[in-house]
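First comes the structure, then the notes that go with it.
Labels A, B, C and D are assigned to the chains in the order they are written; within every chain, residues are numbered from 1.
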Amino acid sequence: MSEIKEECGIVGIKCPQKKSLAYDVYFGLFALQHRGQESAGIAVSYDKRKIYYYKKMGLVNDVFDEDVLNDFPVGDCAIGHVRYSTTGSSNVVNAQPVVFYGRFGRMAVAHNGNIINCDSIKSEMMKQGHSFLSSVDSEVIASLINLNSEEGLLSGILKSCTKLQGAYSLVIMADDKLVAVRDRHGLKPLVMGKRGDEIIFASETCALDSLNADFVRDVQPGEIVTVDENMNISSTFMPDIERHSCIFEYVYLARSDSYIDGRSVYDMRYECGKYLAELYKIDADAVAGVPDSAIVAARAYSETTGIPLVDALSKNRYVGRTFIQPSQSLRENGVRVKLNAIKNNIKGKRLVLIDDSIVRGTTSKKIIKLLRDCGAKEVHMLIASPIVKFPCFFGVDMDSKDKLIGGYRNEEQINEIIGADSLHYLPIEYLIKACGGNEYCAACFDGKYPVDVEKYNCGKFVLEI
Amino acid sequence: MSEIKEECGIVGIKCPQKKSLAYDVYFGLFALQHRGQESAGIAVSYDKRKIYYYKKMGLVNDVFDEDVLNDFPVGDCAIGHVRYSTTGSSNVVNAQPVVFYGRFGRMAVAHNGNIINCDSIKSEMMKQGHSFLSSVDSEVIASLINLNSEEGLLSGILKSCTKLQGAYSLVIMADDKLVAVRDRHGLKPLVMGKRGDEIIFASETCALDSLNADFVRDVQPGEIVTVDENMNISSTFMPDIERHSCIFEYVYLARSDSYIDGRSVYDMRYECGKYLAELYKIDADAVAGVPDSAIVAARAYSETTGIPLVDALSKNRYVGRTFIQPSQSLRENGVRVKLNAIKNNIKGKRLVLIDDSIVRGTTSKKIIKLLRDCGAKEVHMLIASPIVKFPCFFGVDMDSKDKLIGGYRNEEQINEIIGADSLHYLPIEYLIKACGGNEYCAACFDGKYPVDVEKYNCGKFVLEI
Amino acid sequence: MSEIKEECGIVGIKCPQKKSLAYDVYFGLFALQHRGQESAGIAVSYDKRKIYYYKKMGLVNDVFDEDVLNDFPVGDCAIGHVRYSTTGSSNVVNAQPVVFYGRFGRMAVAHNGNIINCDSIKSEMMKQGHSFLSSVDSEVIASLINLNSEEGLLSGILKSCTKLQGAYSLVIMADDKLVAVRDRHGLKPLVMGKRGDEIIFASETCALDSLNADFVRDVQPGEIVTVDENMNISSTFMPDIERHSCIFEYVYLARSDSYIDGRSVYDMRYECGKYLAELYKIDADAVAGVPDSAIVAARAYSETTGIPLVDALSKNRYVGRTFIQPSQSLRENGVRVKLNAIKNNIKGKRLVLIDDSIVRGTTSKKIIKLLRDCGAKEVHMLIASPIVKFPCFFGVDMDSKDKLIGGYRNEEQINEIIGADSLHYLPIEYLIKACGGNEYCAACFDGKYPVDVEKYNCGKFVLEI
Amino acid sequence: MSEIKEECGIVGIKCPQKKSLAYDVYFGLFALQHRGQESAGIAVSYDKRKIYYYKKMGLVNDVFDEDVLNDFPVGDCAIGHVRYSTTGSSNVVNAQPVVFYGRFGRMAVAHNGNIINCDSIKSEMMKQGHSFLSSVDSEVIASLINLNSEEGLLSGILKSCTKLQGAYSLVIMADDKLVAVRDRHGLKPLVMGKRGDEIIFASETCALDSLNADFVRDVQPGEIVTVDENMNISSTFMPDIERHSCIFEYVYLARSDSYIDGRSVYDMRYECGKYLAELYKIDADAVAGVPDSAIVAARAYSETTGIPLVDALSKNRYVGRTFIQPSQSLRENGVRVKLNAIKNNIKGKRLVLIDDSIVRGTTSKKIIKLLRDCGAKEVHMLIASPIVKFPCFFGVDMDSKDKLIGGYRNEEQINEIIGADSLHYLPIEYLIKACGGNEYCAACFDGKYPVDVEKYNCGKFVLEI
């Protein structure tokens, strides 16, 4: 069984009085569905130290219907989770939130990210006599917090966070409190919102919008925000904070109508398109973007260069993202059914085709072939980010250098495989500029991991369970 | 129980030798998923007069997984169906294809459209002692063809078609033949394709593309195309052919990468946007389209007027179309989760917002409010089709004048409800011009029904079953 | 696919006012569960010409839970069905009641028995243009009745019954009436009961008991009893009535607490044991019966001979009858898990073992081996019925002479296979005497079929569908 | 939520080489189905420290079909569990075996019994930072063993067992060993068998029989039997062993073809009937037993007194035991459908009716009424055990004195409620004699609990979770 990687979405809500919170979490998760399509779960705290929960494999809409939502009790605190993972762990026992009985009665935890020293923490705890029911990080995080909380939940979280290495944004429901945590690098996004006197945490601002809540601020790297039973909000910080927000959230993962750490994802993508236009002048008849995420950059390219923008590809709205399909065989079939060409917009044209990134390269190759089959005279490909050269150990499914088309290849070598007339990537400095100049983890592009991945055996050692 | 309305998609494939046809039909149906999300079914003829089938409520992807597809026998003929219908009939017994034992052993029929004299045909057959298991048109069509086929399948189809009033595109599998039928008005689309020596029929060309098949031609209004056991193709025509293709297929129903009756849906939508630009000059800062179907028209408007195009709205790709949601309560919640605003593109701007049509008006009202809430200074709405004033009796879910916002209102009165700064529709003559000038059924706009709907009691009499 | 054989149970209830009839039918079916464990279904008429129904594969308890029963509307007429069939047709489309739309609006039919000229009726109807959705007799019966009812339901039933050859007890719900029908031979049982002003029909009296209803009388061979909308009861008779009630109902099929045609099944089985005692004196230490159906005969044998009765075998109450298990492989495993020996009662003893009948012989062989393994010194087997020599074409699953252990063998030859110390069967004249001396169909024992089975190609021709 | 009580069945198998063990466990569980009908589960150890498992709500036959069994890998060790519990905990998270990752890789535990100090152990462990996912004893037992195993599995089990108060028979699969444990009182039965070179443990000998295994011996009170990876068998004993085997296993719970602690359950029940005959001479025409468990005692009564034995009641074999039905409402309906009377055997007769025990009294009352309604002149009731006066805290569902009909009543007062002509119970000394004179826990009859139930707050304190 392979190591588990996750790209997930989380939501947490706390209100002063009881209400049908399951519906709110449901709509929040629905807005975050793009972050994980494998399982979904909601936990509602309905009485002192009691929690009702429901989680299942499937899309938010499949897991929760009105019957299921109506079965939830009213409550004043709730969290939710959507999860994507690689095939090996497609099992409901690995779905989140993790809910158990511990020091504080029932406790629930939802997690986005990847803990790279999870196996060593787990082994250590096992040596002390702890046992685990699933193979997910989240259970380890939850158990560790519970174990460390002999002097209270907050001190338990703080103590645990100094041990956890890697990426984690968490919402925790225990002891009648809702706690939101973002790791000391701020790798995974987490925002705080407000609707009337309710406090809402979510992976992205689009979830706040869907709940008609106002954005308050980003949870800061290393910050632990607690909303207690009286709705008092307080903040604590972990030691050794060094911001390294995941730059790939902007490139691909986040929804374009979200803001991450103050920067509009839409605007950032637009700017990448503008930079491509400045860098790569191509003698072409039309510009097109690969839907959906590269349409924005394509528009920017067109508006900057004056080359007309066309819709070259039509996407079947009933497929998930290629990137996010579990098996390789499905991935290959995926493209055939996912994209179709708008022939009249292509025939006889010299095209500039813009995509946000290339991970494995299979999709790009098929698209270029499709466009040529439909009469494109030339296809010049521009990528709105640098070459993906390194695996991610923090929750994004790019698991080894040799599965990445750019792992050991330069632009020219990559283009030999995908078959465009020309291929160019956006240099890293432009990407960072577009993101607004913060400190980022761009390790998938430059290999500079914010933590010592060698030490934690990332990509080498896999706990066999 | 209310009268049944359907908007459906159909596929039929015939090949010279046996193969795993279920997979092909599956991919074809997947491309037609936008035509119906309620149920899906596939029937494969695997031996002389024998048919294996599987149908269930749900999306194509939910109904068919690899286990289910592998259970299908290899065969040389297969048909498939996706279905949308109003709530009342959400029952698997109404799913298609309809498969039964009749004169030719097993027979299977898949139907897109609505037969307006179905009740009288049914009553007549019942008087003769026939019985029916479901409440769908398709069973009546299938039984009628079987009943009339004493001199052969083709003569049975021809005889039956002279009785059936209304809209129907059919694929029929019986007597080792695949037959494709389009009603004498050509109301519903139906195309024929070829892949090697295989013949494929489908509701739209996008299904041919997804199967990597070449488009051969449209099935003509009133045409009955037969592919026999030796792959011989022959054509017969019904009497009284008068083309009245459904214009709403271009406006909204079809995928923009499809061609209907030789006209590119994408180009048609682009032209509508151009006409809007010519007709309605608005002093605005930006143009935006309601995703997905109105984006094309918005681009055309922008390119014609020079007013910059922006993305004002972001769509959650995991929702189906608002138009196509069963219950009213879900419909209202739908908007909240379906669309979000890209605030930076809106704030302080005078916007032109383009949509393809307005049916009930609820969505438009919410969108305009959303845009104003996000800081839009003005919202001028343009609709790329005329006012929907009349119900459709041919398979599109617009069931009574008083549920249509334009049923008894003019532009101004409609705008009072939806609350834009101004509202304009595209006049009918421009719409027809954009479609390529064929003969259309535009009854939902002009009330000119191609058949005598009074005579068939449409919208008045509902057979209570 | 093999010809379909059924042993089924049916229930019908009519009351003067509406009530939650589904619960009553449920309890009635539950009492008849021994007659069929493959599928169960209930149909309730809840409004003029309208019927709600639910049917599924599984035991009554699995198919219906409180949620499902509560979904049924209140009604004044209802029917139900439990079904057993051979593997080939284990498909929900073959479950009963058959419900469809016909001359009388919705009509529902439940059937116990087997129509031997079903294929020719079906073929004839198909030639006239009728079609069928399933492969069960019941749909043919129902369609035929509907077809023949141009002058009313009753005349349609009467006309149809003169065409149907074979065994059928029916309950029919149509035209606001409940009709109970028993074929002209009275092959399958059918009784009428009363509870207050409600009329109840059922396959066996034990269902009346479970509903706390009083037994009124048996429906007579060839009788058609109608309970109309005003609770008026009337009777009509078919021509050519010749009683040939199925003797195997007494031997094995019916529950011992039921009465069939006025005769207590328990008393009949007791008498068979007495006759065995008179005929076969065996020098033994103990008598035992094979549970459950032969315990009664064993007690009679013991009480007549004075040889003590012991429990030799213990039955796992969670298995169905061996006889009634679908697949051969399951049948063989079945015995291992179905019966265990009470060793202390067996060890060192010379046993008389009594069973009701031997069909395939597999079970008997295993039991005898089991008893010897547990220390029995001798095992003398007595069968409370004659050798089963001929297949049944009327709904009992004994399908060909060569699958019957007694098909071509006498007592001695059979015993060579099953391995008892001695083996004796009850002669037919004693069996008939025990049953009360009516006219019976004992064709499985004597080959005298009440209808011309050669003519109808029974056991030879199988319609391939 | 109420405290959880369980009556369960367990199986464990260890063999020298890998095979399809899931099938064997399945047949073993099937033989133990009477011990629990709520959920079933199987775990197979298929590789060093790896375990595959499957558990679900439902009967053994419903949970496991051939597909599910074939999904299990081959293995050399396996355990299984069937479970009955009160309504509150009918949740799959509470199904067994409990399987988790711990010191030994995967570990699996199946448990029959009830730990009365479970809450205090749980609280203590929680204080140390442990967490629990379910609310069942078994998870606490499993976690405790894992926690205590720092010096090896066996020492961990031994250490844990000195802490656990109450009833438990366990099979444990960990560290490539199979371990069987019986509490120091021997409250719950557990036997060891052998088939070739395979070792099998099971709750009752009937499971060994069904697997065609030979009975070796009972696991002794306080014994821990280990079968290691090389099939070496070794035994260890806990301190403070005092045999108090549950006497109710003989009275009602066990199958009559089982042997418990060397005593045949059948013979014991027969002897109880003989004692009743000696104690209570009644002037009657016939004796009958309530099926199934009291039939044996009735036969003994008849054979001792000479009063003829009759079958008065017929039981629907598709119902579980009344005693073992979850909800009160179902329990009441249960009787109506569960038992019917054989009228001819009752009418005009003075009956002695024998039952094994009376817990709540509802069933007895209904049976007596049923017999009188069917014409019995007199009904004298004899119970083959004493009055149930006290709740059981060790896994049998008799939860409070006031729900027991005999909680505060004597024979006469009980009879006033159930309405027999006379009522007598078997005195405790006779019961103990019939069981063979061992040391028993007969606390439900005499209130002498083998552990200090006051101290552990049994029946008072319920951990609210």
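Here, a contact is a pair of C-beta atoms (placed from the backbone, for glycine too) under 8 Å apart; a residue touches a chain by one contact, two chains touch by 3 or more.
Because the structure is a prediction, the values reported are computed rather than measured.
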- Query: Can you name the chain that lies farthest from chain B, using the mean of each chain's Cα atoms as its centre?
  - Reply: D
- Same or different contact residues where chain D meets its copy chain A, judged by the half mark: same
- Query: Where the CA atoms of chain C average out and where those of chain D average out, how many Å apart are those spots?
  - Reply: 35
- Query: Using the average of all C-alpha atoms in each chain as its centre, how far is it in Å between chain A and chain D?
  - Reply: 50
- Could you put a whole-Å number on the gap between the CA centroids of chain A and chain C? 61
- If you go through all the chains, which pairs of them touch? A-B, A-D, B-C, C-D
- Note on the structure: Contacts from chain C onto chain D in the complex sit at residues 27, 30-31, 33-34, 59-62, 206, 209-210, 212, 255-257, 264, 266-267, 292, 295-296, 299, 303, 308-309, 311, 314, 316-318, 333, 336-337, 340-345
- In the complex, chain C touches chain B at residues 50, 99-103, 105-107, 122, 126-127, 129-133, 135, 142-143, 146-150, 465
